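Once you scroll down, you'll see the structures, which are given as structure tokens.
Here subunit A shows up in two complexes: once beside subunit B, once beside subunit C.
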Partner chain A sequence: MPELGSAALLVTFGLSLYALGAGWAAAAQGKRRLAQSAQNALVAAFGTTLVASVVLLVALLRNDFSFTYVAKTTSRALPTPYTISAFWGGQEGSLLLWLLVLTGFAAFAVATKRRWERELVAWVTPVLGAICAFFAFLLVAVASPFATQVAPADGAGMTPSLQNPYMLAHPPTLYLGYVGLAIPFAFALAALLSGRTDERWLVATRRWTLFAWAALGVGQLLGAHWAYVEVGWGGYYAWDPVENAALMPWLAATAFLHSVMIQEKRGMLRIWNVLLVILAFSLSLFGTFLTRSGVVNSIHSFTQGAIGPWFLGFIVLVVAVSLALVFWRLPLLRSPTKLESVVSREAAFLYNNLLLLALCLTILWGVVYPLVSEALRGEAVVLGREYYDFFLRVFGLPLLLLMGIGPLVAWRRASLRSLVTTFRWPTLVALASGVILLALGAGSSIPGLVAYTFSAFVATTIVLEFVRGTRARKALGATSWPGAFASLVARNRRRYGGYVVHAAIVLLAIGIAGSSAFDSVAEARLAPGESMTIGAYTLTYRSLEERQTQNATEQRAVLDVQRGGRELGTLEAGKNAYTVEAQVSNEVGIRSDPLTGEDLFVIAEQIDPDGSVQFRVFVKPLVNLIWIAGGVFVLGSVIALWPDAREQRRLAARAYEIGVPAAR
Partner chain B sequence: MTAVALAIAVFLAVAVVVYVALPFLREPEPESDALVELDERERRRLELLERRDRALAALKEVEFDHRTGALTDEDYRSLVGPLRRDVASALQALEEITTEDVPRPPEEEGQPVRARTST
Partner chain C sequence: MARKASPARLVIALSVAAVLAVFLLYTSIAGGGNPSISPSELGGRTEKVHLAGLVVGPVRGDAHAGGLRFALKDIDGPATARVPVSYTGSVPDLFKVGRHIVVQGRLVDGVFVAEPGSMITKCPSKYAPAESDVRS
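Now for the complex of A and B:
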């Protein structure tokens, strides 16, 4: 069957090239049937990539070690869920997943186009064809998942840290985000190529951008939780290059989601918006390059291969072609309106954009600095946590505050009187929170205290927006308070979904500040029966247990946990020794308090033959708010993404008014 | 390659070629093969419609913010005037370029402009 997989990928490559060439010719010459044929090629490319993916999946499930990829990434002892996750656990498989998602999205985008998008989609097709062709080429010629060998008796197994349930969801979710950004990019380039730089490309890509951005956000949170429970160092984000690789396009996409509102409301920032979409997609390519090329050392960079130079060349090509197109179309992108006041909502969004971009570029510089320093001085200098933490405070804290200020300021301009009225309550609540927290001893970390105070400000603005809005809807005739609330959200899903996302960011900020600025740590070597204390907790090492699972030998130190003299039960921390992989992993013990959001986090750093264990224990206040923030983030994203019938009718009516029926 | 794999590959190749050629197979000699594009007049109309809708949306938001108390009376008055003028000028420009009959949207596809301005 590997030949079938290879043949399917070769056909995908051919179809992508056809979509590129025929699509270009059709769009340039205005030929309808050729354009449709090129779009069909993209849909067919999804079908053939699906066939290739099924071939690989079947080979994984059948432990067919004649596939080099299967032998490299799995073993007979590997549990079935992880055998499935091996699909994206290695370089070739993850590239195939990229192509599968890309062709799937491309097929969906061209198959569901509306009549008023036809003109744009004709140009979208060759752009997506080019991106598909690049990935198909890599899989056909550089990193084929269908390479074969004489089958060994067993495979090499999977890196232990990847043998975690989060690996079933984290990489695919992240890929949905990375790849999803290709669609807004293709529409932006189509707008430039066709010269149709009106609002249509923004309307056509709004949901794609939101979806990709939400998937990137959720994927990162899943990854952070994976690092927290699996990597076993006591944290969830280490400013690792590959973690940063996902954060950068998310920051660029966040900036775009805000600045696009200025274009929709005021017709401003057209050049800026196109540049942000190009930046977001280029950074998503860069992220894949970082993860898959092995160019930087990272705990997440599981593979190294020959794809690096190809990827780098493609990124350079994408950036160069995109910027050339922007330059060519500059006269069409000039905005008809200008900023009226520096105290307005659009100005607040602009400041937010500048801060997001500054943070994004600072992180980018941190990621590439080891490469630059190695090229210039022959020595790779890695910028440490202090560098990133410093800039997170410098740009992140004002960003947090702006999240509260933006919704309070009117579009166009706001008077001092209006500002005093709207800022009064949030400011009072923020100041009161700051004073109370200072009195409670939170002054030990000034950035933490500032983050809490700003969070209180933003949370108050969000509550006020919902309360005022619901009251206004009730006054406008809603029959009940819940009805008024539902009507408020339903009538402006993006605005109120956005506020829910802001609430998630507030929870995230509180969780990060609490767990990083106010955490505590203790270390001790304990023999069975001995105890240690940290904060209000007392841990007594009771015994060491050993058990065998399908693919590993587990050693667990069992600890009795008390807080303030009250028994809280037991906690287990230890190590897994993986037989096939010949590797050992840390398996941490975590006890979460659902009331305070605090975690007791135990690492068994070293287990000695005499049964004594070196423990490292953390108390992380409020850390669970980070994971709760994930749920709130999803809720806000779903609200914002939910189809708005009113808006669909408005777009349909507009299309009808220019004589283009909106039906598909 | 096994016989099954070969058969699937052949089927795949044929299916793909047919599917890609489908637009030409369905319409060997179409009346028109031109991609529907907007002419200059339609493009201008689209720009004006976007301008009108943008101003209407802004007007709605200002009115709602005023109602919620987020905007003072003074700010509301200073903002609402220019926005109404924007809407009026877009509507006037639309009126000027509409020389022929424009089909009315069916009920399920759109609503009259006035209905969409209410909050």
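Now for the complex of A and C:
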């Protein structure tokens, strides 16, 4: 069996090289049949990668420890869902997943676009072939998941913190995002290579970008929730390099999604857009490199394998080749239109882009700073939480405000009077809520108060937009209000899906501000029967319970929870001792209040032999809005992604009038 | 070639300037981060640092009463310097003798006093067991 896997990967490598070589020759010389054959090679590469993946999956499920990979990531006692998740639990398997998703996306993109965008796809094929070839090469030569050994009696098992349902969803979702960015990148390079630098490549990949971006966003929220409920230190994001690794391409892709609209409508920012998509894809490679190389100290600190230098080399190659192409095509990328006023929608989008990019680059700087300072001063200096928090406030808060302003300002040039009419109500609501919150005591954190006020502003603009639009639809003859609302959203999915996503970001901002700026913490060592208080809560430690499960011994401290004299039931917090892996993990107790979105978060830090327990308790206001934001985010993304034949035709039609500014 | 100056350039230039200004502001206020060093590099330095090393037993005491006591040595290399550490606060699940950890704090009278709750464990790998675990 391992031979079949290795052989399949070798064939994938060959097919990818063929797609690169033959695709290049075909595109350069305009040979249609050869181009077709190169595209078919990409589709076939997906097939062979699928074969390799099935081999690995079967080996995992059969506990075939003669596969080194299976032996080091699973054990017999591991429940089946986690055995499946071991596929992406180690370096070799996750690279295979990368390749599987990449070849799958490549095959799908080429197959669906080649009828409409033949000249572009001819050049997309060799670019994707090159990326596939790199990953296939890594899997064949450097980190093979099909290495074999003399089978041990049992495997080493999976790290306890990974034995969690999130392990099934979080890594694959992130990978869909990371890899998805390869498609717009390939189309951008194809546009440069073919000289078709108009809006066509953007229109062709709009959905891909949106999909990859949404997957990255959802993947990160899943990771944050995982950290929150499972890792058990009381937070959801720690600015760890590996977490930042996913945030950076997401920020770059967010900037790209916005600047794309300016190019579509006004033909501006062509160079910028190409650079952004190059940045987003390079950061997605860099993110994979960070998680897989161990070059930066991280709590995640994955295997330090031999793939690091290869990855770094590939990233340098990708950046160098892309920039060289941009430089070569610079004359073609000159934009036919100019920014007319600094108060216009395109200007607002530009500010949004600059802020997103500034945030992205400061995070990047923070991630690589230990390496830079080590090289320059001989001593690695680590930038802590304060660094990131500072820049999140400096760049994130204006960004939040712009989210309310940008979509409502007129294109080209906005008059002062229109601005006053548009923003009168949102400003009043924001000021009013600011004053009310100040009276309620939110002044304890100025950034938190500012975040709330800006959130109120943006939320009002979004509600007003929906109200205005629905009214207009009703006036145009919709029979009912819900009907008017539905047709409003259905007729302009991208715009109203965007508003829904903005609403999700507002919820996220409120949740983050509430849980980080206005939280409280208490610690106490309690013997059974003793109590502690935090805020309005009183916790009474009842008893310590112990139970045995398939792969762990679980200890749980049972607490009675009261608030303001009312019984709220019991809460359990404790530790699991995993037998095979010889490791302990914290299992926190969380009580969510469905009305206020507040969490009571209990960690049993230390369980002493005499039965007394050291507790650490947090009260986190509004933290549940973050998870609700995740649901709203998905809803908005799906609305914006939903196939819309009419809009697609409109966009395509516009793309062919090269550079003609839309009159809107 | 006389190109009319576009406001976009002005905007970008101003933004770059603003970013740099904010950056300078930050570094002047917060003074950057702390050095991350290994036990053998600590010597007699008493400023605030991140100390990264391998946990050496015996581990004594109580992190929530009086402080957990252990020593740290270099993760690799020939240096044999051991730094005694006193730590209070949350102890991560993965903490034990032989693990890589990072603590933040400063040297006080020959003992590295870590800030409460500053310990981070660096399991050699999160997603796979340590190489030594597999081979042995």
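FYI, the second predicted complex is superposed on the first by the 646 of 664 C-alpha atoms of A that agree within 3 Å, B and C clash if a C-alpha of one lies under 4 Å from a C-alpha of the other, contacts with A are read in each partner's own complex, and residues count from 1 in each chain.
One rule holds for everything that comes next: contacts are C-beta pairs under 8 Å (C-beta built on N, C-alpha and C of every residue); 3 or more make two chains touch, one makes a residue touch a chain.
The structure displayed is predicted, hence computed values, not measured ones.
> Clash or fit: subunit B and subunit C on subunit A?
Overlaying the two structures gives subunit B and subunit C room side by side.
> Examine A:Lys338 and indicate which partner it touches, taking first as subunit B and second as subunit C; both and neither are also allowed.
second
> Between subunit B (first) and subunit C (second), which, if any, makes contact with A:Ala8: first, second, both or neither?
Touch status of A:Ala8: first partner only.
> If you stack the two complexes on chain A, which partner ends up touching A:Glu119: first (subunit B), second (subunit C), both, or neither?
So A:Glu119 only meets subunit B here.
> Classify the contacts of A:Val382 with the two partner chains as first (subunit B alone), second (subunit C alone), both, or neither.
second
> Is A:Ala522 touching anything from subunit B or subunit C once the two structures are fitted on A? First, second, both or neither.
After superposition on chain A, A:Ala522 lies in contact with neither partner.
> Please work out whether A:Ala147 is in contact with subunit B alone, subunit C alone, both, or neither, and reply first, second, both or neither.
A:Ala147: touches no partner chain.
> Where does A:Leu641 make contact in the superposed view: on subunit B (first), on subunit C (second), on both, or on neither?
A:Leu641 sits against neither subunit B nor subunit C.
> If you stack the two complexes on chain A, which partner ends up touching A:Gly30: first (subunit B), second (subunit C), both, or neither?
In the superposition, A:Gly30 contacts subunit B only.
> Using only CA atoms and the superposition described at the top, report the least gap between subunit B and subunit C in Å.
When the complexes share the chain A frame, the smallest subunit B-subunit C C-alpha distance is 19 Å.
> By the touch definition above, which subunit A residues appear in both interfaces, subunit B in one complex and subunit C in the other?
No residue sits in both footprints.
> Where on subunit C does subunit A make contact in their complex?
It is residues 4, 6-8, 10-12, 15, 19, 22-23, 26, 30, 32-37, 41, 50, 52, 62-65, 90-94, 102, 120-129, 133-134 of subunit C that touch subunit A.
> Which residues of subunit A touch subunit B once you look at their complex with the stated criterion?
1, 3-4, 7-8, 11, 15, 18, 26-27, 30-37, 40-41, 43-44, 47-48, 51, 115, 118-119, 122, 198-199, 264-267, 408, 410-415, 417-418, 421-422, 465, 468-469, 471-472, 475-476, 649-650, 652-654, 656-662
> Tell me, which parts of subunit B touch subunit A in their complex?
Counting only subunit B, the residues touching subunit A are 1-2, 5, 8-9, 12-13, 15-16, 19-24, 27, 30, 32-38, 42-43, 45-47, 49-51, 53-54, 57-58, 61-62, 64-65, 67-72, 74-75, 78-79, 82, 102-103, 105, 109-111, 116, 119.
> Subunit C touches which residues of subunit A in the complex?
It is residues 71-73, 89-91, 94, 156-157, 159-162, 232-233, 268, 294, 297-304, 338-342, 347, 350-351, 354, 358, 362, 369-370, 373, 379-384, 386-387, 390-391, 394, 523, 525, 575, 581, 583-586, 603, 605-606, 614, 616 of subunit A that touch subunit C.
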